Every structure is written in C-alpha cells, then in structure tokens.
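Some structures to go through are shown next.
Each of the next two complexes has chain A plus one more chain, namely chain B in the first and chain C in the second.
Let's turn to the complex of A and B:
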C-alpha cells in the first residue's frame, strides 16, 4: 500500500496514531504532567514576588499605568501560561527529529512509507493538547492560589486567539526544527529560541517597552498577537489595532502563510541533508 | 596454577590521568558545539532582560524611561537579584550538567560502556564539575555584569568572606548534583521533569531573585530548613555589607556555620548516594535501561 498517496482518512489515522503513541508515552510519567501545571505558576510568581517586594503598596497602580490593568497576577499568569504553550511547541516539534536521531530511530522512520509530515502533525497535535491542558490548568489553579478571579472578560474570545495562534506557532516551530536538523545542536538552539520568542512576545511586560526596531520584530511573531489577544480579551489591556477582529485578522494572515513557509523550509532542509550526510548522523 | 588476580586500588597518578582525560573529553565535546557557547550567553541575556523588564512594570513611572527602574529602590535591589542569579545558574547547571548528563549518557548508550572500563567513576563525576566551573563561571560573570548594567550599581562589600561563602555554596551545590545523578539512575526519564521541578522549587524556596521577605510565612518556614537558602542569604548579605534586614533567615554567624557544613558534607553525602544508586543499577542490570 502506498501510504504517501493514501486517502485523507489514512493520513488522519497516521496523525492520530502518532499523537496516541506520544500520549501513551507521557501517561507513563504522571509526575511530568503535574509539573507541567506547576512550572507556569512558579514562573509567574517570580515577577509577582519581585514586584511586591520592591514596589510595595503602589505595585498595582504603577503596573496599571504601564500595562493597562491593575491585575498583575492574572497578567503574569497569562504570560506564563502562554510561555508554556510556546515552550512545548518548540521542544516537542523542533526537538522531535533530533530526539529520533539520538535514539537511533530516525533512519527506521525514514524507511517506512509514511511521510514525515503526518507524523510531525501527530506530534504537533500531541504537543497542542499537552500545552493547552497545562496552560489552562495552570491559569485556573494559579488564579485560585494567588487569589484572582480567572473567569473575567471574554473567555470565548481569548480561546479564539489561542486556537487561531496555534497553527502559526507550530509552523514556526517546524521551521525552526529544520534549523536544528541542519545545525544539530538542538538543546542550546531550542533553549535560546524559546527565550527569544518568550522575550519578543512580551511574556511579563507590554511590548511598548521595546525600542521601535525590536517592537517591529516582535509584531512579526504570532505568539505576540496571541498573548496580547488573550490579555485584552480577559483583562482589557487593549488590542494592538484597537479592535479584536483586526488583531484576529492579523493572526489569520499568519495562519494562512506560516504553515506553507514552515513546510517548505523543512522539506528543503530534509532533502539537502538526505543528499549529503544523511539523517542519522548527529 | 596461576594465582588469582587481585585488583588493588590504583595510584593517585592513575586517578589524575583519568580525571584529566575525562576533563579533556568534556572540553572537546564542548568545543565541538560552538553554537552552545553563543546560545548560552544569548539565553542568559534574554532571561536577564525578561526579568528586568518584568520588574520595571512595577517601577517605571515615566513612559519614555529606558529599561530599568525609576529611582533608587530597584537599583538597591540589584545585589539581591544579581548575587541570587549567580547561585541560581550554578545550581541549575549543576542539576543539568552533573545530574541529567548521566541520563544523556544512558540514552546515547555510552553509560554502560563507561562502566565496563576500569576508569574511576569518581573522576568521571568530578570532571563534569570542572567544566561546569569554567563554563558557568564565565556565563555568571557575563550575566552579572549585564544585570548590573541594566538594574543598577552592584555593591561589593566583604569580598573575601563572600568568596569563601561562594566556594562553600558551590561545593554544596555540586553535592546536590551528585545526589541528583543518583536519583537520575533510579527514576530515568522522570529525571528531566525532576530537574525542572527542582530548579523552579529552589528558585522560589531559596528566594534567588527576590528577598525572603517577599515569601509568605509558611514558605519562608520551608526555606529555613534548606541549607542552600542560607547560602543564598549569607552570600548576598555579605557582599551587600549587611544592610538593615539582612541576613533575613538567621544571624550571619549561624548562616556561615550552616553554609560551611553544607559545603563540606554535601559532596560526601552526594557521592555516597551516587555510589549506592550505581551499585543498585549494576546489580539490577538497569544501567543501560532508559
């Protein structure tokens, strides 16, 4: 049977099988799932504690002046939750082939008639599910622990921003996966890229703090729009273009362009590596 | 009949040459991945920038003001943040470089081979420490300079006592790394999660980026039973010249005793635990399992 030319149903079954395999794998490590929830809360508590310790009773007022909301706890929690989604996208997608290389299963994978892109899609679906679970639970639990109401603002709109932003984010991660395949040094590169994106998307601060050039670069990253969209929907910090549908439209543009770009770069890199040193070398 | 071969303890020279070979191997691996060097510095810069900008959302009152705090409050906190940051990156790198690296060798399939050789396992562990001292030392100096530049002048009082406390704190931290390597042999893949968890747990419980006074009382009570928390408190209070309210956990004399004991005992305990875990793994045949 030629799987490369298979029906959509067949391809979908490959995607789901890949997702299922990874979900089974992670279900064997329940502690990891618990940590997925705890880490964003701990991460958000760092700037919260730093701010409370230094700024004292004026913390909320100054924070509102700088960000548009006095609810700095929810602001930081949203940033940290978005960080976990971005972080998973990069670690799971960009590191996927590298991990297969290191464990010696990559060449075996290339011997199967299944195209890698469907396995990558399954990995992305798994990563999305895990990232969303972690981010939403961390936000709810963190809000409960730190004493803020998580059910404020337009929750449906916030979800719309997250869901529309996921595909461009994973396309970006796939594109970056191609760089990792080429350069090999996965851990360092992914760590760096994770922090670059985290920095540019304004995890704990508004991007208005950036100098003009960095601000423009940050606006080219889909996660920036996703995070600000969620914050504006829930906390009313203000959309970049003043209205939710305009910001969402920008994310739709990313959604239409980024997957093709990501796939094209990945495909080109893969062909180049197969023609030269081969996929198994690391 | 040929007499039974006895394996005597090798001379010190053998230990040293093994140790040097291991250090050289680790350095060679490091040099072959130059992007790692650049990425580590870049990462430190970004983490510093993220937390500086996050802090400035609570301080900046003038919209045109550059990155950094308004007035002296945040600037005076630079000692708390920067000195905590130095211990944080050593602690973090120790967990990953010494502890999790054992797991990496398992995944690559080189751990069992290492154990088949007669080379000293102690040298193998300590070799990782040496590289960590060189590399993380450079990164921490660069990171501290950068942070001081961004958030204010750095106070440097009592430098010799500060250095002593740093040395003891690092020795204790390396002991933690050995213990974590032992745990890694037992818990396998969960070690990655555990390293992440410990890193964040120590970050909060040892108040590495903020004063202990920011912690709720019940968390501060937990901090008081962690020696590394005393190391952080004593190190930064000493270098800051004991400003009012510092040290926060106990009088400085008591903290120095705790840090000294931590630095002397923890490596011994850590190595003992590692040998136990290694012995268990060899007996159960799980050294190459992952």
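Let's turn to the complex of A and C:
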C-alpha cells in the first residue's frame, strides 16, 4: 500500500473519483440541472426588460454611450452567466464542506490518507463542469429567446478568460469554505457573499460607474477581470488595460497567488478545528 | 509494530460555548481525556468501555488523526498520530459515526468504490474489494440500491463494510452494533471474530458490557476522561469479590430501593422488573457481611424478599464498583 502522498497519476485518479461521485449524486436530482439553465436567463431578463421599459426604443443607443456596446441583451446574459459560474463556485465549495460536515461524511473523508485538497479539487472540477454547462447553455438559449446572435467576437479569447479565471475563483471559494467551516454557517454567508460579488463584479453594469474606492476593491476580485474579459472579447466593450493580453496577465497573477492563499487559509483553519472539537462538530 | 497501538500520557481539552439566552454565551474548557496510557498488542480484540460521554470517541478520534491531542503521544501500527498521520490513516480501518459516514444518494457499491479511491486503491482493486465486502455483508441483492432506501441496520452494516475497504491491519470500531437488531449484531460480531482470526487487531468501543465480555481479550474502562481499569475480562472480574454483588428477588417498592441506596456500605443498587416482581442488584463494599443491614432496610420499607443470591460478577459490576454509577448514566461533561 502506498502510505505516502502518492504519484501524480494517483492524485488525478482521486480528483476524478471525487468529481464522478458528485456527478452521480447530482444525476439523482435531475430537476437541478434544468434550473441551472433557466436561472441565469431569468436573472438576465429582469434588467433587460427594465432597460427596455426605462429607455424605450433608445435603450441600445444609451447603453452604447455608457458601455461601448449597443448589445445590452448579450451584455446582461454574459453578466448573468458569469455570475452563475461564480455563484456555483461559492455554493459548491463552501456548501460542500458544510453539507459533508452536517451529513457526517466530512469526518469519513478525514479518516482517509487522501489530502483534502485533492477531494476539493474534484469538487471544484465538478462545480466547473456544472457552472460552464449552465453558463454556456443559458447564454446560447437566452440569446435565442431574446433575439441576439451569441456567436460574435472572439469566442476562443472569451474562453481563455474564463479558463484562466477559474482557478483563482475556486481558490477564493476554498478560502471562503474554510470560513464557513470555522463559523459553521453556510447559507447566510453564501447568500451575503453572492450579492456582494454580484455587485462588485458588475454583472449588469460597467464598474466604471463605481466610486473610486469601490472600483479598486472590485478590481481586486478575479471574476471582475474574467467577466470584463469575456465581454470585451465578445462585445468589444474594452479591456481595463486596453489590450487583451494585459488583462489576461492580471488574471494569471491572480492564478499564481490565489491558490496559495486559499490553501494556506484552509490548512490553518483545519488545524485550528482539529485542535479543538474536530470536524464532526456542527 | 504493525497491528499495535501505544498511548502515552494522552490528554485532550477543548473549548465549548455554553449558550446563555439568545445572544450571550460563555466559553468553557472541557477535559475530555486525562493522562491516558495503554498499549494494545497485535492480534487482540481490545474493548474500550464506558458510558456515553466517557471519552471513548475522543480517544478514537485522536488515534485516527481526526483530533489533535493537547498533550501526550500515540502510535498506531508504529506510526505517530501527529507526525505520520497519512501512514496512520492508510493502515487503519475505522467505523465512526455509524451510518452518518455514508453518502445516502449513492449505492453501497458506489460508496465502497469511492472510499476505495480515497484509500489509494487502483480502479480494479476498488471494484474487487467492493465485491468482496458486499459478499461478506451478504449485500448482493441490495448493493446497487441507493443507501437512503436501506434500513438503519443495513446502513450500519455498510458503514462497517466501509471500514474494511483498505484491508487495514488495525480496525477501530466505535459502537458498531448500535441500532442493530439482535441477530444482525450477533452476525457482525461473528465477522469481527473472523477478521480477528485472520490476524487483524480490533479496537472495539461499546457501552454494552455483555458484548465486551463475549468478544474482547482485554478491556479498558474509561469514565469522565480517566482510565479506571485495564486488563483481561477475567482479571477485572476477579478484582471484584464474587459476593460483593448480590441479587435480591421479590417485590421491591421505590421506597425500599431508596432505603438500600442510602446505606453507606452500598456502592450501587438498581432495580428491574422480573417475573411479575422485581430484581434488585446491589454492589456492596463488604459482601454478605452487609446483608443484615440491607434486609432490615428493605423489610422496614415494605419490601417482600423472595430470594437472595450472590451472582456471577459481570463487567457491568466492575464498572459500577469503580465509578459508583451504572453504564446507563450519561456522563458527558455538561
């Protein structure tokens, strides 16, 4: 038996086993997958219809003046789809820990020689698959329903922003999960976080409208760069630093820093909990 | 070294918040384990006995690396529980939390295969072990049904099976027969004996003394975080004189029970219903020498005595003699 940490192949096999287990689990709740697609469309429809009601036939022109694109429907759909990716990251990572704690399986995971980071990676991969499926399907279906062309701009670049943005996003979600584990409350914290994120990443408006201090805070958050990158690639709203590679480089910096931060906070929290009553206390 | 456990001066304290009304709380320190030392040899079935809240689960959680001790050291299979925690985890099969350690939306087979992956088994090995365990538990017909459809006893058996997935030399079983009916409990104990005969060391916690008596080679009695007694079942029973335990049959009203309990020489007295009357079990300090006082106390309180017998000492009697309480009492630190 391999008592040490194991080879990279073994770790990948554990990540895939963890992802597979969660996919099997969600397959027994098929209604959830339908909701995953509908929610971002409903979420985007509200500001779209409000915009049409408020600005009337000039909605596109007014929107273009402020954002750089007249396609406010795609703008909102991208925002709502990006939000669903971010929201799933926080829900799945933080809620995963809390749910396993409450059902008793978290201690069972801690009894095994697998480091939790690999199980977390499996959960993150599962969450990414669900988030991407939901975001892409909702964007395509929403575009069809609301009458805009989804295939415009540089689609490959948009995916590059999403993929590079996922790792720092999930690292922050892991950090947030550690907070949930310590505080022993998931729903209220995730709800709060979800709306703060919605506000800060500018899902329905450009962050240029923020007061300077809030704008700085918003720019410290990787999903802000991810969302703007996708919008700029598809709709041409403009990169923060003027060129795609500069914005992508910022996301790479997040990618290099955030995993260490997430891992460090998670590890510290874990030790602190094991020193006291243990993971099983909820 | 493999198959052994060594515990040296292990202590565990933790903090809890005691709620006082809606918003106020007070931080309290709980001493869950106090300077515990013991050793378990390879191939033993070792019983860890004590009432609910005695500290058994805390000790097991430290031995399985779920909790960090406040002081002291422990080695499982020769590996230090803090310094070599992955090696400890890889070489221990543990059933803790009973049916709560399972994914209820998955089937038994899916649960076993998933945990096999977490114990670093290859894909084919996971499937092979899952098949073996399903056969051992006689789960062939239900192995592909989701766990949520199982009875409580079936879930407990699966939780036990999960502890076998890594085929570890040491098995730690925390109250494995809880919620099992009598035949299922007996079947599970038979499997434990079989695994022990194959060479596995078993640590078995229970608050059912008869279970420990029939199964364990040696036992440790823990209460309120302290190790009160340690040895073979026969040695512990021999430490209590046979005539220290007296059974009195008859009609014993509550008043009579209270009168006996108030005698200074009586360590513990408990009453149960039997054959339309009562059975009073008394542990005394001086055995039959205390009988006259007891008979006087009983008869003057309205008891009708039919039969008085000194009985075979049980582990429960040993526990009562050591703690002054029955096992039914919850000694969890409040």
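The rule we apply is simple: the second predicted complex is superposed on the first by the 279 of 282 C-alpha atoms of A that agree within 3 Å, B and C clash if a C-alpha of one lies under 4 Å from a C-alpha of the other, contacts with A are read in each partner's own complex, and residues count from 1 in each chain.
Quick note on the criterion: a residue touches a chain if its C-beta (ideal position, glycine included) is under 8 Å from a C-beta of that chain, and two chains touch if they have at least 3 such contacts.
The shown structure was predicted, so the numbers you read here are calculated from the model rather than taken from an experiment.
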{"item": "Clash-or-fit label for the pair chain B, chain C on chain A", "value": "fit"}
{"item": "Contacts of A:188 with chain B and chain C, given as first, second, both or neither", "value": "first"}
{"item": "Touched partner set for A:160, first chain B, second chain C, both or neither", "value": "neither"}
{"item": "Touching partner for A:103 - first (chain B), second (chain C), both, neither", "value": "both"}
{"item": "First, second, both or neither for A:276, with chain B first and chain C second", "value": "second"}
{"item": "Contacts of A:179 with chain B and chain C, given as first, second, both or neither", "value": "neither"}
{"item": "First (chain B), second (chain C), both or neither touched by A:23", "value": "neither"}
{"item": "Greater residue coverage of chain A in the superposed arrangement, chain B or chain C", "value": "B"}
{"item": "Which of chain B and chain C A:146 touches, first, second, both or neither", "value": "neither"}
{"item": "Superposed arrangement, angle subtended at the Cα centre of chain A by chain B and chain C, nearest 10 degrees", "value": "80"}
{"item": "CA minimum distance (chain B, chain C), superposed complexes, angstrom", "value": "5"}
{"item": "Interface residues of chain A shared between complexes with chain B and chain C", "value": "103"}
{"item": "Chain C partner contacts - residues on chain A that touch it in the complex", "value": "1-6, 10, 13-14, 17-18, 21, 24-25, 28, 103-105, 107-115, 119, 271, 274-280"}
{"item": "Residue numbers on chain B that touch chain A, as the complex places them", "value": "33, 35-36, 39-40, 42-43, 46-47, 49-51, 53-61, 63, 67, 69, 73-74, 77, 81, 107-108, 189-190, 192-194, 196-197, 200-201, 203-204, 207, 209-211, 213-215"}
{"item": "Of all residues in chain A, those that touch chain B in their complex", "value": "29, 31-32, 35, 38-39, 42-43, 45-47, 49-55, 59, 62-63, 65-67, 72, 76, 102-103, 183-185, 187-189, 191-192, 195-196, 198-199, 203-206, 208-209"}
{"item": "Parts of chain C lying in touch with chain A, wherever the complex brings them together", "value": "14-16, 61, 64-68, 86-87, 89-92, 94, 96-97, 100-106, 110, 113-115, 117-120, 122-123, 146, 162, 166"}
